[in-house]
Amino acid sequence: MVIDPTLMIGVPLFIAFLIPVSTFINRKFPRYLAGGTILFNLILSMLLLDAALKSPVVSYLGGWKPPFGIVLYAGPLGAMLALLISTVSILTWIYLPEYIEGGDKEKFYMLYLLLTAGATGMVLTGDLFNLFVFTEITAIASFSLLAYSKGKDEKEAMEATIKYMIIGSLSSAFFLIGIALLYSVTGTLNMADLSSRIPHADPRTVAISMMFIITGLGVEAEMFPLNGWTPDAYTGASHPVSAVFAGIVVKAGFYALARVIFSIYASSTGLGIMLVFGIITLIIGESAALRQTDLKRMLAYSSIGQMGLIITAFGMGTQLSLVGGLYALLNHAFAKTLLFMSAGAFILSLGTRNIGALDGMGKKMPVNSILFTIGAFSIMGLPFFGGFISKIVIIYASMDAGYMLIAILILSASVIELVYFLRVVQRIWMREPGDSEVKKASNASIISMMVLAAIVIVMGIYPQAFFRILGPAAGELLKAIGGA
Amino acid sequence: MMFYFASAALIAIGIYMLMVKKNLIKMILGLSVIDSGVNLLLISIGYINGKTAPIIQPGVSPSNVVDPLPQALVLTNIVIGVSVTALALSVVIRVYKHYKTLNSSEVRDLKW
Amino acid sequence: MIKRLVSIIILAVVITSLFMVLSETAPFGDDETVVSHRYIYKGVDETGSANLVTAVVLNYRGFDTLGEVTVLFVAATGVGAALYTRKHPVRKNKVEASLIVKTGSKLLFPMMLLFGAYIFVHGHLTPGGGFQGGAVIATAFVFKYISDTRYSIDHVGFTKMESASGMIFAGLGIMGLLLGGYFLLNILPNGTPGELISAGILPIIYIAIGIKVGAELTGIIDRMMGVEA
Amino acid sequence: MLEFLNPMLRPEWMISLLFIGALLTYFAGKVSSALRTTFAIIFSVFVAFLVFLSGSRDVLTYWRPSASPMGFRFVLSINALSWFFALMISMVSALTIVYSAGFGKNTEKDNAFYGLNLLLMGAMLGVVFSGDMLSFFIFWEIMTLASYLLTTLAGKRAEKGALNYMIISTAGAYSILIGMTMIYTRFGTLEFSGLASVMGGADPMFLLITLSMLGIGFAVKAALAPFYVWAPPAYSEAPDSFTPVFSGALSKLGPYGFTLFMYGIVGLPALAKMGTFRGISDFGYIIALLGSITAVIATLYAIAQDDIKKLLAYSSISQLGYVMMGIGIGTSIGVAGGLYHALNHAIFKTTLFMGAGVLIYTTGSRKLSDMGGLGTKMPITFLTMLIAIFALAGIPMTGGFGSKWLLYEAAIDKKFVLIAPLAFIASVGAFLYSFRILQSAFLGQLPERLKGAKDPSPLITIPMLFFAGLLVLFGIAPGIPLGIIASVESYLGIPALNVSTYSVYLGANFGAYNAFTVMTVITLALLVALALFFIAKKSRKVGQTDTYMAGEVPEHHVDLYLHYSMNFYRPLERIFAPYLRNRLERLYDAFGSGYELISEGIRRIYTGDVQHYVYYVMVFLAVMILAGWWWL
């Protein structure tokens, strides 16, 4: 069996091109083609992770050695993220049939598959411009998925799409300007090559290019002043798309940002920016969520806050903080996907996003309510759930690195987070339900949510399994910056 | 040098359109203008004084051509720009259908 | 007014710094090629393509191009998704084109198709390539749309063509992986640079791209034409 | 005889038994409610028994997780201190589970109730058995989570209380986390045994900060002023069969934390380095002062309550204030008094909350003014609550007397002119409010609708009787608990109290206190009083309202209005009212709503206008570029 990271991108592209034709055979085909391909990716990424933990798997595109050709580099970190992406993708795939309405279904599955492939490419590529291309694939697929919504949500979906598109395209222009500046002083695009040439290049150009690239990628990573699109997009998107945004798009975007700062620039200034804006993002996000009455918007702000936490952890730039940050990243990807899914089930049966309508849902939709609660508890960082471990590690890492203020701010933000999540959870469980009939979520969607919940719980009670991967993964990022 | 200036100016004009113009179509045009500016920037970076297009044929020696890589990047970016513009315009059509306006500050059902 | 002032100040900061950085560190027209050095000096031998840009686009950085094709594909799909209406769109413009346009388009349509095909077939030899050729082909169909109010493309056929050409590109990549161990490896002989049949898989890819881009752009236009705004 | 249990007398066994039991119980409930309840009782009582058997022997267990990023090991240990608290906790938890089985409710929520109760018990044992700070913190968090979830089972009325409890506890837990990581980054170890040898050498400033950080977390659980605001609503709104554990066992973890860190780890000499006041450390003095202030404030609130659970909740806060006072003073007598009072409080407050649960179950109301005259109908409940109230008020013949006595002695011994009087005032107050329960619920006239009231099932009364018996036993033989406490003291490096079974020697200034003698004297005095009462009895039995209702049976609403429990201590309340207008709660509320206002402003950043977002991006970029230009 050839374990080649390119297959994780090439095969989905091939199948995506095949899907429009396959509809002529059978209407159901696109769904299963897409699902099968994602499953293939999932299996491949598992094998890839296994191989990458022993030694990085490198693939030269077209047989050209870097820096002349494009290279795909699957270290422990990239392989782990690829696995994360395929896992979230397949689970959302199981979940989604009843949550998308209207339109040509095959278009949805094509876009969905391409989004998965694009995000996988983002985490595996070793070439800066190729990163840009995959960022664009992911971004445009996200725009399209966002615009896919039909029916009564269409109005909001279109508004969200146009906002996201304008900000997203502006940011990608900045990303490209940054790449152009870097190319002008180094003459290369390969990441490893860039990092070896940057110390000899003009520091001012390098600094300015870094600012452009941070601005460009910070948009996808939901960094504070750049994340205006986030709440609108999450609110306007259909539920599976929100889940995919939180679980895949933002994670890949953030990874690109971290990769650029750590592996290319290896710059302490970059880390400082991440630290400062990460903590601001955290506090702004959590505070903005506090007063929300719209369930999905609340989750969106919470997502901003969590990304802030992850960015902060990365900004500290120690082995421990990276492990904590990656743990938070995994936890957030799974738990927030779970939350968006179960929130979607609530909203579908209630017909409104208003939190006030959730009264007593614990009695009407017990399973879904439990799943929502598990996700919420994990995000809050309560024991037995993944968030708890990540919080402890991050706090310890920040104290260890001497950032006591940061630790205090993170914990204060966690308390805010606790407040708004508990308000919802208590509403679900402690209020008396209304009279209206509710539609139960389908078995398939419940199963996929259960898998996510199980992952989150395993992360909480058996963290060693994850540390075994995260240790080398963090080491991979740190290698460039000099160990720390 | 002119080209650097022109590309910087194009980028500036595009961003200015985004920041000042409220019409969504003008904003998308702004994005297009930014894209052109970036493309010009890339091409100018690859330009080498007195050299010709990177197509090797009788009369053109390798020592006499400009850097082909930025041109390849521009090719990619043009396509990306086209895609974004097409998609954005079709979304704007739908936005207009629902909001009956193209004013960006009136398209704000989602806020806070 | 304050808004404009602020935006001008912000722009001044961004653009001045960009301009200064560029003119300081990469003076215009300076020879700064590092990686491209190899492309320029060995490109023709290694890829068999006389057009070095094509060599870079399709061979050295062919993966980017696959991504690029995907971007266009995603956008076309996205346009379709965004403009989806339950019943198939019916074109609304009832204004008849003038006789000159009608006649001219009838005359020019095959030539434009041919010219487009020429551009992408010769992509490895002359300036231009699949994207440009595809755009020209799409223009030909725009002509059709303008001249004939009832004209509509054959959607099924276009979809099939688009898919097949996309699969050819991705399939070539996978084939390279299976046969040579590298994705998008040039599995065909390079031939003599400068001839039409040369540069291995490059012409095949460009033909596929040309068809695909032509079909996709036409599809986008078709979608937009059919929208009631 | 019980040797076969020896391998199980290890902390990890007890905790995992409970955790597994929690799961089993929960899922057993899906099958049959009887099976579930049986499981819960078996697991909890068995583990309580194991704790009892294990004694204060030193047992250590290590577990070093592989691939952990921090490089630590988990330690569980049983030592004198942890055993003392574990005994208290397991006793209260196990018997409360037995007690709640007596109510025989059968709802879906009961599965969660028993499961969480076992989980909570395991977590509490985990906290006290922890031999390192990380497991301490993890168990601490599990404990908070489980108790929060148990509180939420009460439904909508507990909503606000539960939320506030969780928020403040979490803030407290995070404070502990910061203190813990500060210690770890300084000393590189989290194990208590290792820390005990190095913490003493740390500079006073560091000690002060870490101890304060940890202390905030413990103070929240101990409901010490100014962190007690969560306690009254949470204690009173939690399910009736959970409150005994909540107040009786869980709140003791606060004092445990203080004892452990102040004396077990930092140690008296190092505490003294931070500055002393009349021979005790400043830190301890502040704790003691806060404790005594808490005791007084909470007592004043308690006096004004008509809601029986709220009254007991404030009483809990007040009694915990006493405990903290003793532990803060930190002398041999002080710590002994504090720990002894903690034990007594665990027992009598559990009994009282159990009794309150029975009363609420019987009368269907939590208002004291809805009860009355139940003493004859429910003699066992009456008796047990009477004994508990005696203990609460510190009346001889019960354990409560001894512990309060020790606490007074400790305060007087050090001539604390502020603390000692506060303690006395609170004690008088305690007498007032406990009398209110007695009078309103058990004496007086029986309302018409409660004619059918009777004592509950033995599952309920046996735990209550057991606790009441313990209180009397401690009253006669204070040496039994104080002997254990003395060994705790010597474990902590504090001079151990000199005790024999019946008497306690308090040092040269105070001499000895012989409980048996006191008991005899008091019993004799009571007998004399009783004899006098019967000899001199001239009164005739009349209905309580006879005098002004002219013999008519009052109708219900009149009954309510004229109930003797309305405005029971009106004059007192009038005096204190100006000082008791919920100042602290209002401060917290103001902080909360202030922050809500801020966050309302913050979310307005996301205006929804895409142009504004473009501005944000551009401003960010411009600022970054300027900064980059400036740095280089």
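The first chain written gets the first letter, and so on, giving A, B, C and D; residue counts start at 1 in each chain.
Everything that follows uses one rule, which is that contacts are C-beta pairs under 8 Å (C-beta built on N, C-alpha and C of every residue); 3 or more make two chains touch, one makes a residue touch a chain.
None of these values were measured; they are calculated from a predicted model.
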item: Third chains touching both subunit D and subunit A; value: B, C
item: Geometric centre: closest chain by C-alpha means; value: A
item: B-D compared against C-D, more contacting pairs; value: B-D
item: Subunit B and subunit D, separation of their C-alpha mean positions in angstrom; value: 68
item: Mean-CA-position distance for subunit D and subunit C (Å); value: 74
item: Where subunit A and subunit C are represented by their mean Cα positions, the distance between them in whole Å; value: 30
item: Subunit A and subunit B: spacing of chain centres that average the CA atoms, whole Å; value: 28
item: Contacts with 2+ other chains: residues of subunit C; value: 7, 10-11, 14, 17-18, 22, 26, 32-33, 35-36, 39, 61, 64, 67-68, 71, 74-75, 78, 82
item: Touching two or more other chains - residues of subunit D; value: 603, 606, 608, 610, 614-615, 618-619, 621, 625, 629
item: Numbers and ranges of subunit A residues touching at least 2 other chains; value: 129, 133, 136, 140, 143-144, 147, 158, 161-163, 166, 170, 177, 184, 189, 204, 208, 231-232
item: Topology of the chain contact graph, where touching chains are joined (line, ring, star, complete, other); value: complete
item: Subunit C-facing residues of subunit B, complex; value: 1-5, 8-9, 11-12, 15-16, 19-20, 41, 44-50, 53-57, 62-63, 65, 67-69, 71-73, 75-76, 78-80, 82-84, 86-87, 89-91, 93-94, 96-97
item: Complex contacts: residues of subunit D adjacent to subunit B; value: 603-604, 606-611, 614-615, 618
item: Complex contacts: residues of subunit C adjacent to subunit B; value: 3-4, 7-8, 10-11, 14-15, 18-19, 22-23, 26-33, 35-36, 39-41, 43-44, 50-53, 55-57, 61, 64-65, 67-69, 71-72, 74-76, 78-79, 82-83, 125-127, 129, 131, 193-194, 213, 217, 220, 223-224, 227, 229
item: Residues on subunit A engaged by subunit C in the complex (per definition of touch); value: 2, 4, 6-7, 10-11, 13-14, 16-21, 24, 59-64, 67-70, 102-104, 107-108, 110-111, 114, 117-118, 121, 129-130, 133-134, 136-137, 140-141, 143-145, 147-148, 150, 158, 161, 177, 181, 184-190, 193, 197, 201-202, 204-205, 208
item: Touching residues (chain side subunit A, partner subunit B) in the complex; value: 129, 133, 136, 140, 143-144, 147, 154-156, 158-163, 165-166, 169-170, 172-173, 176-177, 179-180, 183-184, 189, 231-232, 235-236, 297
